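After this come two complexes, each holding subunit A, first together with subunit B and then together with subunit C.
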Partner chain A sequence: MKKIILFCLMNVMVFAWQVWAQEKQFTGSQILEKVDDVVNAPRDQELKIKLILIDKDNKEKIRELQMLQKDSDKRLAKFLSPADHKGIGTLSLPYDIMYLYLPAFKKVRRIASHVKNTKFAGTDFTYEDMEAKRYSEKWIPELLKRDENHYILQLKPKKDVKTDYSKLIMWVRADNFYPTRIEHYDRAGKLYKVMTREKIEKVGEYWISKESEMEDLKAKHKTKMIIVDAKFDSKLSDEIFTERYLSR
Partner chain B sequence: MHRVFLLTVIGLLLLCFSCPLLSQESSGSEVKWNGYLQTDNRLRLKGDNDFSWQEYRLDLKTEVKPVEKAKFYSEVWLRSLGFPTVQNSADLVDKNIVSPLNLDFREAYVDLYGFLFNNLDIRIGRQRIAWGTADKLNPTDNLNPDDLEDIWDFGRRLGSDGLKASYYLKDYTFSLIYIPIFTPAVLPRGDWASALLPSMELPAGLTLRNLTDAITMPKNNPKESSISGVKISKNSFGYDFSFSYVYGRDDLPLTRKITFTPTITPGEIDIASELIYPRMNIAGIDIAGAIANVGVWAEAGVFFPEKIMMTTDLSALGMGIQEPVALDDKPYVKYVLGADYTFKNGVYINGQYLHGFIHERGEDNLEDYLMFGMDWKFFDEKLKIIPVGGGIEIKDFKDIENNYALILSPEITYCPVDNAEITLGTRFIDGKNTTTFGKLKDNDEMYFKMKYSF
Partner chain C sequence: MKKFAEIILKLRTVIIVTTVLVTLILGYFIKDLKINPDISSYLPKSDPVVKLFNYIGEEYGGNQLAIVALETDDVFNKETIERINYLTQEFKKVEGVSYVMSLVNVLDIRTDEEGTLQISQLIDEYNLPETPQDIQKLKNYTLSKDMYRGRLVSNDSKATLIICRLSEGADKIKTASNLKEIVKKSTVKEKVYYSGLPFQMMDISEIILNDLKFLIPIVSILIIISLFVSFLSIEGVLLPILSVSISTIWTLGIMSILKISLTAVSDIIPVILIAVGSAYSIHVISRFNEELLSTDGDRGKQSVKALSDVSIPVFLAAITTIAGFITFVIGSYLSMIREFGVFSSLGIFFVLIISLTFVPSVLSLLPNRTKIKSINGDIVKKKKVELIMDKIGEWVLKNEKVIITTGIIVVIIMCFGIPKIERRVNMLDYFKPGSPIRLTEEMMEKKFGGSIPIQILVKGDIQNPKVLKEMKKMEDFLESQKDIQNPQSVADLIEEMSDVMGEGKDIPDSKDKVSNLWFLLEGEEIMSQLVNPDKTEAVIQAIITNVDTKQIRKMVKNIEEYIKEVNNSDFNFAQTGMPAIYQHLDDSIVRSQIQSILLAIILVFVCLVFMLRSFIGGLIGLVPIVFTILVILGLMGYTGIPLDIATVLVGSISIGIGIDYSIHFISRFRKEFDSTKDELKALDKTLETTGKAIIINILTVTIGFLVLVFAELVPLRRFGILIAITMISSGGAAIILLPGIILLTKASFAGDFSHFMNKIKQKIT
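Take a look at the complex of A and B:
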């Protein structure tokens, strides 16, 4: 009987060591790579998005847009509502090349990267927040700790990366590596904005957050981003991400 | 004859290829309507504080996309523009005099995407073809006629009835435009019209009784009236470049002949002038990109005008006929250099240096302008202020003190709810009478606008 108990105990210890050893294997960089693989898994996406802007008195404004994305650096967004935004489009291409289409002027206008730190259509997301770049391209991760369900990473910007944030603290779900909360710290090191991701569901073979929220703690303003409709891997052509399609 | 045949063939081809496109899947199409209502009232700040402008504009846009490869679009303005012009009791039965109405057919066109070839898009109908990278003041934007009705609405143009073909090949975009009939510019209302037209000095000792003019329009045939243009665009080294060429006409009239006729009163004369629209070839280049996060652009148009002599007929005064040059055929360049930047707190600044305004022609007559603007959004973008906006005109850098004009136009906009904007602003003008804007220094005004989009 003693032998059996000893055998079981040893097995449990070996198993526990294996689990611990396995978890120990993940460095901050590996976790961030896995985050990138999960978040940017689809080859392309067609999203219909509803943005709810909520001010400090809980008054709401709604914006709707259609967004097409391919790889991590091609994105075309067109506003569907409200009426005074309808038809306005933005096109983001590699190397920080951005265009804005203003239907009232019938003109596609090149916009410089100075807009990156400004609010996207009055929301709490900046153009930088809306980028689809892989986190590992911009940030150096450090694994701070692991709680029951999450890895907690600290991300600091790589040298030569232009960003408005001094660091990010990211909570990553341990089971599927989807980031659920990201704290954004300003250049002075103060907590500035918090992004939370909810309704994380598997659509087809990909994990997505159907509802996320960005809260600006200084302005006491928040924006909810709801994915109304999502299609993945529709084989979007590169031709869509051109001025030709932006102005249609 | 050959051209007529060619146009007929092109027309038939368009018809043949567009009909099947439009008939496909037409059951899925839906008509989308949107637009806005805009009111605009302006009050002079000097004199009797007259209202200088009243406009109530209903903008209606329609869009139908019956199939993936075709789209119909139109935009119409229905406006109450101006003031009652009642002069006698008979006028009171005329609604257009009591309450002037105006229908402005801005655009109406059909787009056919992937026409004949996958990479070819065409647009047929009344359309705005906006060329150039600068902000509202574009020396390369010479296809649509200027709509200077409201001088403060910089960059507004009339739509042109024509055809635009765009061919996309890798990073290149080739555009070809054909506008069969020339349309002249709409001149500003009231005092502003005289500011944009050259002033005429009478010979010493003469006074003017009547001034009449006649405009000779180009003949309605392809050779005389047509306008065409070609443009090639490309992105290289992070910058957008385009090169363009327009075979067109100056859309502002030029005086070709002045006849002085004495009246029965000694020293008094009548003047009759003849005006034309000179042919103009314009080669253009524009660039847009960024230098260290700052948006930059440059745009230049090289104008190759037709030489026009001006006949000044003073024979009735016994002074013979003079024939000075009204417009030399020497090429001249109009250009714009500009930059903009948005600060993190939402403050946006924009500045442009312009050499040669819309109405200026000939190398020696081009003036310099510095346009600037700054806007700042507050309270979740409910409030937008433009504390600094306007321009400086310099006619002669050697004697700035006597050759300048300054326009300042601060503005505040409040958006109480989505889609609604209420704007209050002023325009202060100061300067010397030698300049375009300085002539109108007594036209300071305040304006109130409301816009609701639907």
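Take a look at the complex of A and C:
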């Protein structure tokens, strides 16, 4: 009997230790993996996005676009407004292949997307910020600390990774591993841009942020990205992610 | 006046202690005095040219360029490209720098072999070319494009530029020195040039400081020596220097308390105080010495007599000078000129106070030992000086007609020189040929067409092809001007884009196409330097060669005319940039100075008429001033010394000096004339006494300022020469011309017509 009790007790202790250890055990890499999984969870998505560009005098400019994404590396974006952008489309495919469609010229041209620090369509998002890569592919994480609701990670670029940032500091929600705030530091190590994600909601079975913002502290310019409409896993065909579809 | 003198001498201890205290307190505040060397900030903010200039600066990321040029055998080599990249990245981090453009990060629009459209930096900063083949390819491509050849890389590929645009309101000198620091700390092996206004301003401040450090001691020593030779006494040396120093300290201290910074104009206030103000105490000392020599007795009584005699002319001289300088306050366009007027007047007022209170207090307190010494000294000296003055007097008094004829001839000759005066606004003129800045600008001119930016602001619908085509035409027009290089605007980028889209290097004919192309440029760093966010305004940037002012004026005028011709309801061009600003500033300064000088002459004339109670007396009193101004202007015309911010100020100094000489001379003459009733005797005595003081003043200041000829900075040299000429000319006019004229007019201004009649009667009988 004593033995049984002892055995049970040991079991409980081992279990408790395991639980405790598991809780404690999340390394930076594990957290980042989970972040990637959460952010890239949908197999495909169909989003209607409103971009609000806010300059230093608080003047706003609005552009709307439709964005279709399949897996983490195929993405088609078409501008709906303003009038002078209407119909302009971009198509991103794996291996940094990118096409552009200009309706006034009725021409599709391949464009080089290797210039990461070019701003996308006047927003504060650079092509680097927009790329659909998993964080863990590019960054080496280090868990700085954990507060009540967040893990705070520091991400430093892996060797041979080309990036405009010297490091990122990322706040990750402890409950669902959704990143809520990412600080981007420039190569001088100065805080340069801050991305915040708000209105984190569950749509279907996926978490998304319906409102995110990127603020460029140097230019005193920010961009709000509002998801007006989101559909997931509607089995988008590969046909959509072709040059032909782009020019339609 | 006797009462005034008695009071002063009674309170002498209080006066000395108060003066010392006030000097210490105000001197303490000088530490906060700011210097503002940024010439472009001198124009009022409401000025239309400045408004446009500042507007472009604020909206388009700044309008000053600090340019670092690297020169080597061929900039297309691995190490140089690495260093350009390093400097580009480092410069971006410097506070006050809004944009950096170099071979590495310049926007490049092209299609590659597979027809892929590429809008990127010319060189990928993370992937610098390494192999000789890659570098050769880059070189061929770069040199094949107008956007880079002759703009970022010289045609011979020996030099390349890193261009930093300074944000509006940045501390230009500080930013420039930070940039220079980065280059110095790096491993640059190429020859480095620093070009553009911020670097030039930095150098000017350095050179001025070096000049002053080197020259001020020499000037001081020379002034001390010549004062000592003149007075042969310690107080004769110390008191003039002290009175000028104290009043300078008071003036600068008050400027500092009022938070008014020293400008390129007001920094000559100390010079004015030395030239004009030292004379006040010299006259006081010289009168004291005269009194101590001529009479025996109580030092106190002698002091009262001397002070009450000398204070009237000194007071009148100072008040008239102040009246002259106050004219700069009235109706001047530039606040810096108004400040100059106020504070030079204030300074002179201070010298006046000190010369009539502090100086006599100290003099009256001096023990007899000094007196004896000065008597002994002066007895030896007296013979020499008196001999000289006697000879001058003798000659002058016999040859008044020759003197006046010569004077008139000199004036006529000088008048012919005046139209030859050149106007120059080019800052490069400040530097000696062969100095690093001149060499840099010569290189910049040869390889890149210059370093001074000019801007044309375009208002209209910038995405409208018509407007873009008009901008392109404007650029062609600019390029057709001899001294304008490398015009650039968003129209060029649209043309490049159109080219890579396969539509030819031209502005597309529909707005849709333009806005499609625009989409790809949106967010590019360079766009914010070329177009406003609403696309209702754009800037055409160009570079001008450092040419002389005449050509710049012509260029500015040509552009103005072209703009007038093409502007219509669809779009509107307006020009600005440093040349326009600088020219405008120079015009305003010269104009307001000339106006003020004319006004000053009128005011001084009124004062003189009032003081002498004689219209003719007023005219005669003006002679040294007008004569000197004509001589200076004429000599400037003949010797090619241009009229600029620095040299135009000499006019005001010559007024200050001229009035003083006139008043001292005439008031002494009247006093002597009253007692002797003989103009010859009176003139003789005046020359011997006041004439001597004037000679001492001329000698001291002239020798001091001639030292400036050794200055590094050209304007300082010219300034020294012109002050020396001013001193000699107004002194000469006072000692030689004035007596001549007084003799010719038979001293009628003295008002003693009965004497005049008596004299005639005597001659008849």
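Before moving on, here are some points about what is shown:
Just so we're on the same page, the second predicted complex is superposed on the first by the 226 of 248 C-alpha atoms of A that agree within 3 Å, B and C clash if a C-alpha of one lies under 4 Å from a C-alpha of the other, contacts with A are read in each partner's own complex, and residues count from 1 in each chain.
Following the convention adopted for this analysis, a contact is a pair of C-beta atoms (placed from the backbone, for glycine too) under 8 Å apart; a residue touches a chain by one contact, two chains touch by 3 or more.
All values derive from a computational prediction rather than experimental measurement.
Upon superposition of the two complexes on subunit A, a steric clash is found between subunit B and subunit C. Shared-chain residue A:K235: touches no atom of subunit B or subunit C.
In the superposition on chain A, contact of A:K159 is made with neither subunit B nor subunit C. Once chain A of one complex is fitted onto chain A of the other, the partner contacts of A:R244 are limited to subunit B, with no touch recorded for subunit C. When the two structures are aligned on the shared chain, A:Y95 is found in touch with subunit B, with no touch to subunit C. Shared-chain residue A:D84: touches subunit B and subunit C both.
Judged by the touch definition given at the top, the superposed model places A:I111 against both subunit B and subunit C.
Applying the stated contact rule after C-alpha superposition, one finds that A:K145 touches neither subunit B nor subunit C. With both structures placed on the common chain, the touch criterion links A:K119 to subunit B and to subunit C.
In the overlay built on chain A, none of the stretches 79-87, 259-267 or 385-393 of subunit B clash with subunit C except 385-393. Counting contacts by the rule stated earlier, residues 55, 61, 84, 105, 107, 109-112, 114-115, 118-119, 122, 162 of subunit A appear in both its interface with subunit B and its interface with subunit C.
Those residues of subunit A that touch subunit C in the complex are listed here as 55, 59, 61, 84-85, 88, 100, 102-105, 107, 109-112, 114-115, 118-123, 162, 187-188, 190. Of all residues in subunit C, only 89, 93, 112, 114-121, 124, 126-127, 463, 501-503, 508, 510-513, 515-520, 522-524, 533 touch subunit A in the complex they form. Residues of subunit A that touch subunit B in their complex: 53, 55, 61-62, 82-84, 86, 95-97, 105-107, 109-115, 117-119, 122, 162, 164, 219, 221, 239, 242-244, 248. Subunit B contributes residues 34, 36, 71, 111, 113, 121, 128-130, 133, 155, 166, 168, 173, 235, 238, 240, 288-290, 293-297, 340-342, 344, 346, 380-381, 418-419, 421, 451, 453-454 to its touches with subunit A in the complex.
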